[in-house]
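What follows is chain A paired twice: with chain B in the first complex and chain C in the second.
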Partner chain A sequence: MALSTAALSLPAFSASQPPEIELSLKTSVYKEGDVPIHRVVSGSEERYEIDIQQFYLLTPVARNWSLAFNASHETMSGASPWGTVPGIDGRPTLIMSGATIRDSRTELSVGVNRYTDNASFGIGFTHSNEDDYEADAIVLSGEWDFNNKLSTLALGLSYSDDKIEPTDALLFGRVQKEDKRSRSFSISWTQVLNKTSLLQSGLSVTKQDGYLTDPYKLRDVRPDERLEWALSLRYRKFFENPDGALHLDYRYYDDDFGVHSHTVQTAWYQNISEQFQLVPSLRYYSQREADFYLAIDDFTLPLIVNQSSDYRLSTYGAYTFGLKGIFKHNNWSVNISLDRYISNDKYALSDAQFKHPALLDFSLMSVGFDIRF
Partner chain B sequence: MVRQRFFFLIVFIFLVGLGSCQSVKPWQRGTLAKPEMQLEVDKLGSQLYSLVYFSKEASSGGSEVAGAGCGCN
Partner chain C sequence: MELYEFPFHAMGCPCELRFYADKKQTAERVAEQCIAEARRFEYKYSRYLEDSVTTHINHSAGLRPIQIDQETHAILHYAQVCYEQSNGLFDITSGVLRKVWNQDRRSLPVDSELQSLVELVGWHKVELNDDTVYLPALGMELDFGGVVKEYVADTLTVMARSSAIEHGFVNLGGDISIIGPQVNGEPWSIGIVHPTEPDTAIAAIALSSGAITTSGGYERYFDIDNRHYSHLINPKTGWPVESLLSVSVVADKAIVAGSISSIALLNGEVDGLAWLASCDSAYLAIDCALVCHGDLVNTIEKSNALK
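What follows is the complex of A and B.
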């Protein structure tokens, strides 16, 4: 029996040189739903809309090297929450910014990998730039294959140096220039279980220090250090009948802000024909609030006492419903996806005192193009 | 207590996974090499979701290191 090209190729998680050039483009529109007008004291109820353009190129170089280039550009506009005050019913009510916030972000990354028979070693650099924020990061990575490439150990190290220069700092009494640093370590083990399934387990630890406060909030005081760790499991299983693949991912996250969360994500890749694939997906997320989270800002507290009314530090849960269509032809493919995210304190695994009025709903629509040659 | 339960659950799943390993010869890996069987099927899509959730939720990380920061969080 003749072996197909696919049968001779290796799963992409192994430390192998890519056999061909991969080029991808994606354009996306991200749009947040408005906050309820009756829970806004001042400012605009219109939240962020972001246009995102992405580019990715991976190419083998010589016999044992590869080069990856990544670029993305985002333009955003809309309003964001500045703080909370008690409403007439005693529940938190929002002070929003005006709808005139406009910003853009550009990120460029380049990475080089060197391959040996059973291992690969990489180094990458990233620069991210926006009007009020600049970041430079370096990533080191290594992968080692064992057991005839049935097992892969991956290690990663990264360091990011970030500079924050809020806009209108003098006008609003914000900090003028601050910085923060992030150091991150990851380890993962990927195991082929049998001819149709594999499992990856991973751990990442990130230490941040410096200015971790949101400079745009009216009252936001956070610790100047944060230690985060996350455990993850990713499972893939192919079913000959009905010709589809199951993706099942889980992550447990914990940090010394007091936040811990559970994330479960699943997707089903259904082959409709040789050229068309349909991918429904579902993600569930639940987090517990930070120790210093306050539903309503307390302006009487001294400035040295930690507090934040950021909805992202509150107790809540969220669902993401997704649907993606992939059309393949020869060496290229086009994909279209739509995701809908809804969040609520009632979806959380633990109880919240108040529902934060700024909890998000958003839609994300993307069109992508991939080619290999 | 809840943390310990989840930790043991993860270790349990991992050990069950390893315990069910079978030898798979190189010519038997066609299914594993299918695009839909990769850990990351859509590189740009994965980056996009990571950025969105990193910006809008308090959690990040898992099996990879953090990248460059952004003003979004």
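What follows is the complex of A and C.
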């Protein structure tokens, strides 16, 4: 009746609403563009294609407790760069793997959350498995509200333990069994600025140690420790007219490999009708190369000297153009998104000696379905 | 697990918390928080304190709108729904009528005396926005008394539960909100005061969850010319209502139970019973002839039979 309904909007009850069951399914296709054939000396120019299936379930288990379950499965195929040698023009040319790398990865995670009026605490475990890689991680998180819930402090701690067992290790003289560990800490403060805007700033620090080298590369030697840190700022502002919200994010990243990067991302959430929302987005990324990055592998250097020709450690910049449509009806929603990523050394804020021939372009298409009950 | 009891006094009435807890310190810590929260509401909405939200709003009547926070807005919005659902009988602006109907009253008021006050009553005149409220005429007053005590009972219940208290209840001057059943799973037995013999219980209601509130015209009244007048005033006429003697309502939340029982009393005897029958909540109504009505009557017989 009307009185009971009206009572629900009182603050004491809005905080203690039993959480709903939420179920999501998502399927995505990720496809990398081929590498230019004239920059490949051996192997296949066809790069990765990955099919991703995701399942997510969030359910209340007792008063103030919830359980989340996540499963994803990826199947990938395609070739990856093994190294670079000088081409006839003196510029780096790729040695690619054969075309038939096929692998699949399964990840399962489970998390428990406890809520109180002004705080929530969570613990989660993740296990991920593929032919040549196995990872276990534990995550602890806490969130506290202050100032009548206008401010939120969030802390996170995680630890992961990864095991690497490259395929065909004996055949190609790769390492047979290695491991690495990673610990990270994050802290963020979210402040509601006024009725329509909020600002979040965050810091995260990650320490990795163990085998950080790419075992599939012909010559790749990296330090066995890496300290990474990142600073982020996120701003959200809702505009009553034209009924949309601006998301503006910036992130600065730095590590002791010598890599540092800037990321700026903006998205506009436009409500078209009660049921339909359209989200165009643009992301810009610029990275400076690692101290030991070499455009062309140097096989004359002793194995104790760090070097890597991994394009992910090179100087480059990238743009991502995205468009997402969200259709809501009653307690379910469908979303379709399309992202196009292009990267080039010319997009970077700093100059690179050579363009890495393996710099990526990719497309990502996803279809997702959510239901709450 | 032990049962701990914490009696205290707030909002003009005796109150009590009863919690089962493993440790005394746990129960004490939660009780301290709950009592502090009750005091916060008391100070925030008191009519008597200079610095309360209520006083600010009332002192600005006819002058200017007053900024209010989200909690106050939510409570006022709830009061507005009560006003609409009761066809204007439940009106938190009706407190000014106390100027005529108070304990010092020895003779009946004349119509002109009432009329000038009735003009200051009427929730429909109040301008309520998301963050402001304005009483448009000098002399108008808001009184949160009719909703806040019940809402505090609910708030303390939510608070205790979120501090891991699973068995116990909150009792604010007879408005009782259950945190959870007794530790052995048995319901709590809630006594209903006899409307004419205030020291005895007319019934015991078994309750494991939800809330029960009781109100009655017997609580406060005036005797003028050898006639009983209840403190419940019809805000439209300015005259006391000849109401049911006592109404107890069981609902999911104390604030809902409390407004259902208040509206039942304001409706007078016949319409009050009709109103109760139209609500989905279990109730026990006692009329002037001490006849019991409602679906909680069965519970009484059972409890009497057990004695």
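Definition applied: the second predicted complex is superposed on the first by the 355 of 373 C-alpha atoms of A that agree within 3 Å, B and C clash if a C-alpha of one lies under 4 Å from a C-alpha of the other, contacts with A are read in each partner's own complex, and residues count from 1 in each chain.
Here, a contact is a pair of C-beta atoms (placed from the backbone, for glycine too) under 8 Å apart; a residue touches a chain by one contact, two chains touch by 3 or more.
Just so it is clear, the model here is predicted, and its values are computed rather than measured.
By the touch criterion stated above, A:Gln277 is placed in contact with chain B alone, chain C being left untouched.
Contacts of A:Trp229 after superposition: chain B is touched, whereas chain C is not reached.
Set against each other, chain B and chain C touch different numbers of residues in chain A, with B touching more.
Contact with neither chain B nor chain C is seen for A:Trp82 once the two complexes are overlaid on the shared chain. In the overlay built on the shared chain, the residue A:Asn335 is in contact with chain B alone; chain C does not reach it. Of the two partner chains placed by superposition, only chain B is touched by A:Leu198; chain C is not.
Touched by chain B in one complex and by chain C in the other are residues 3-4, 6-7, 9-13, 148 of chain A. Within the complex formed with chain C, the chain A residues making contact are 1-4, 6-7, 9-13, 15-16, 63-64, 115-117, 148. Remark: chain A residues 3-4, 6-13, 22, 24-26, 28, 30, 52, 54, 56, 70, 72, 103, 105, 107, 109, 126-128, 130, 132-133, 135-137, 139, 141, 148-150, 154, 156-158, 160, 162, 164, 180, 182, 184-186, 188, 190-196, 198-206, 228-236, 238, 244-245, 250-255, 257, 259-263, 269, 271, 277, 285, 287, 290, 312-313, 318, 335, 337, 341, 360, 362, 364, 366, 368, 370 touch chain B in the complex. Residues 3, 6-7, 10, 13-14, 17-18, 20-24, 26-34, 36-45, 47-48, 52-53, 56-73 of chain B are the ones that touch chain A when the two sit in their complex.
Of all residues in chain C, those touching chain A in their complex are 69-71, 74-75, 77-78, 81-82, 84-85, 151, 154-155, 158-159, 161-163, 251-253, 255-256, 259-260, 279-280.
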